[in-house]
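The structures considered in this document are given below.
Next come two complexes, and both contain chain A; in the first it sits with chain B, in the second with chain C.
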Partner chain A sequence: METPNQTDAAAVADVTQELSAYLTRNLGQELGPDEDYFALGLVNSLFAMELVNFVEQRYGIEVGVDDLDLDHFRTLGRLRDFVLAKTANRGAAA
Partner chain B sequence: MSDTALAGVADLTDLGARFADSVREDAADWDARGELPADVRLAAARAGLLGADLPVRHGGLGATPAQLGEACARIGGVCSALRGLVTVQSMVAAALLRWGTAEQRERWLPALARGELLAAFAATETEAGSDLAAVTTTVEEQGDTYTVTGEKRWITFGEVADVFLVLGSAGGRPAAVLVEADRPGVLREPVRGQLGMRAAQLAHVRFDGVRVPRENAVAPPGFGLSHVVATALDHGRFTVAWGCVGMAEACLDAAAEHAARRAQGGVVLAEHQLVRSLLGRAAVDSRAARELCLRAARLREAGDPDAIAETVAAKYAAARAATAVAGSAVQILGAAGCAPDSPVGRCYRDAKVMEIIEGSAQVSELHIADHLLRAHGHRPGGRRPEREEGRR
Partner chain C sequence: MPPVTAIKAAACYQPDSVLPVAKLPGLADLDETERETCAALGVEEVRADDSLSAFDLAARAASRALAEAHLAADDLDALILIDARAPEALMTSAATRLQALLGADRALTFSVGGLGCVSLTPALLAARGLLAADGDLEHVLVAHGSKPPAPLRYRHPVTVSGDGGAAAVISRGGPVRVLDIVQETNGDHWDLFRVDYRDRPTAQWREECRDIPSYSFRLAVETRNRLRALHRRLLDRNHLAPRDISRYLSHNLSVGAFRFTEEALGIEIGTSCFDNLRQYGHLGPNDVLLNLRTELDRGGLEDGQYAVLLSASPVAAWSLLLVQIGETGDGAAAAHYL
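For the complex of A and B:
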């Protein structure tokens, strides 16, 4: 039987894998968790919006105007943390 | 145009068609006069067209993307300027719905949906299109206010708008603020006689140190603001694309009817193979544009991230189709298509504008190619993918 920590770790791994696959597919390369794809010039304004729409649709979260901080979106690691925090909040609010 | 014809339109699929039919005979006159009468703008609002896809709780009709698109098609087939009114109003509303604060949504959206306020999207400058980095209009923070200084060009319905969503630069970071037209320092210069959309009451608008309260800022400057602009432009592309579908379909109908009835030298035009060739191509262009727009509508309704790229493609294709089909229609109608009040002649002029606004055809091609190439492992900047480098 899985412990809560094991479940959390599995969720983190799943989200990381999905986000990594999405970014790789759309940015044409694999990126490390701390590589800033905005600073690398890989992202245009259309993809920035697609990225927001992707996490909303895939994880059933709502990205509001207060969430529109580049720091939430600039790396795989930060994006993963943002998604996990939003999904945790959603769960707490339910 | 009777009130009873417009009141209480409940069937959203019929929304645009009924309104378009009610103004069909007036569009040429509006084009010649260079204005969309105030009572028509109000009637469009009362019919629900200006807030069609806004949620009911914000005063809209809650139309789906496909329903909004169909309404834009039917209106676009009659009057591009009127469709332009729906576009600019819904661009600003979409940006506020998606990225405005709860207070902003409550304050602005019902008034926009009811047509009590007309909105305009003030992005273009002499040396800047929708490229945020090139905008020179400044938005300076001073205590609890922002001061807006700059000049915007070619603003659709800028002559009569009650509020502008103005794009500017706040200390080097992109910013957007809502500026009411009656604030001191807002100066408008109407534009007349442009190639197309002549009734869309374009204006060059100067903001001469206009002060607005802090709560008029939409989204935080920087990253957030780029989403406000992208949302507005994405929505604008979608409604323009459907307007183009309507233009293409209207021109196709006019051309086919003319070809089937008009005889020259005892031979009906439709008997000429070269006329049939034009009609065949126009029919396919028109249908292809509609299918791409329907695809974009389905993806938008599903919240699919690809909806943005597919909307770019749909707008690009639909604008090209409208231009091509309108050109063929003018060709087939001949002198009748060149008459001052010719609907297809007006469509021909309007369609060219569609290849320029909300992202030119060339900028659209770049976006479409970029999306394609990324999916095939292309790295922006021209470096080879790692697997290719490894083979050397």
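For the complex of A and C:
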């Protein structure tokens, strides 16, 4: 039987893998968890919106104006943390 | 029910001289990323004439609009000039200069602006307000001359600007009824793009983005959210659904910007926008008038059909206009001359 910590670790790994695959597929290169794809000039407005659309639809969260801090989205690691925090909040609110 | 506001006539003026984007002045001074972005915008050429000022462009379009409306300048009750990006001189009034040039001596005259590419909307709001507030007013002329403020016509990473004028006669009746107008702004982005000009020769003026990641992310996603909300509000309060809209016409920034709007709203932007972008580039607040005029000239909109005109500006202003073709909306008065 899985412990809660094991479940959390699995969720983190799943989200990381999914986001990494999405970014690699759309940016044309594999990026490390702390590489800033905005600073690298890889993101235009259209992709920024598509990225937000993807996390909203895949994880059932809503990205509102209050969430639009670039620090949440600029690296794979930060995006993963943002998604996990939003999904946790959604669970707490349910 | 609010009184009818209609576009009685709309006219555009484009200079004859064509400037291919590949030959833009200053292109060679850009870095590789900037040049690649510029080449991918979907703009092939613009109209550019250094002998014509923004005022000249507005004046020529205004004269055409009056002629197409079969009005004399003396018939105008009001004249609203949308400010140029850069005034020719400080302290002067381009609006009253246009009044004098046209001979619109009776016209209540002033200028509006401050919202970049969205500045057509405050002009239409003012025209609608004048017509609603004063029963003696019949005809309001709105005009703008679009000319980029800086010699480098490329605004990284957004668009290439051309030269062009547009004008519209707004009246109580006409072939395109303006049914509704919605607009929002967010002052947090007031200086996201700027041209520093004090103590600099004009040759050194340049449109610069304060924070490109903010433009590409925060403003982009906020634009998605704002346009969705405005679109929903506009349609709901007019008891319409997206399927009721025959044509969506956007401002012309880039093919990427069209795709962005299409994805954000789940709509298709009219092909006239792509065509005008390709041959004229971005013309500021004039884009949607040009696109509407082109669509009507091509027969793309018939009496009774609805169109939505969308504008967004990097100063963080968003606007949607709902228009219906035909004097009464049911096709009863067919002959339009837009």
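Rule of thumb we're sticking to: the second predicted complex is superposed on the first by the 94 of 94 C-alpha atoms of A that agree within 3 Å, B and C clash if a C-alpha of one lies under 4 Å from a C-alpha of the other, contacts with A are read in each partner's own complex, and residues count from 1 in each chain.
In this text, a residue touches a chain if its C-beta (ideal position, glycine included) is under 8 Å from a C-beta of that chain, and two chains touch if they have at least 3 such contacts.
In this text the structure is predicted, and so the values were computed from the model without any measurement.
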*So, on chain A, is it clash or fit between chain B and chain C?*
clash
*For A:56, is the partner it touches chain B (first), chain C (second), both, or none of the two (neither)?*
first
*asked:* Going by the contact rule stated at the top, is it chain B or chain C that touches a larger number of residues on chain A?
replied: B
*Return first, second, both or neither, reflecting whether A:44 touches chain B, chain C, both chains, or no partner chain.*
both
*Of the stretches 27-35, 45-53, 99-107 or 189-197, which one of chain C hits chain B?*
189-197
*For chain A, which residues belong to both interfaces, chain B and chain C?*
41, 44-46, 48-50, 52-53, 65, 68-70, 73
*Touch list for chain A against partner chain C, complex*: 38-39, 41, 43-46, 48-50, 52-53, 63-65, 68-70, 73-74
*Residue numbers on chain A that touch chain B, as the complex places them*: 25-30, 41-42, 44-54, 56-57, 65, 68-70, 73
*Under the touch definition given earlier, write down the residues of chain C that touch chain A in their complex.*
33, 157, 213-225, 256-257, 259-260, 263-264
_Touching residues (chain side chain B, partner chain A) in the complex_ = 99-101, 132, 219-220, 222-224, 226-227, 229-231, 234, 302-309, 312, 367, 370-371, 373-381, 385-386
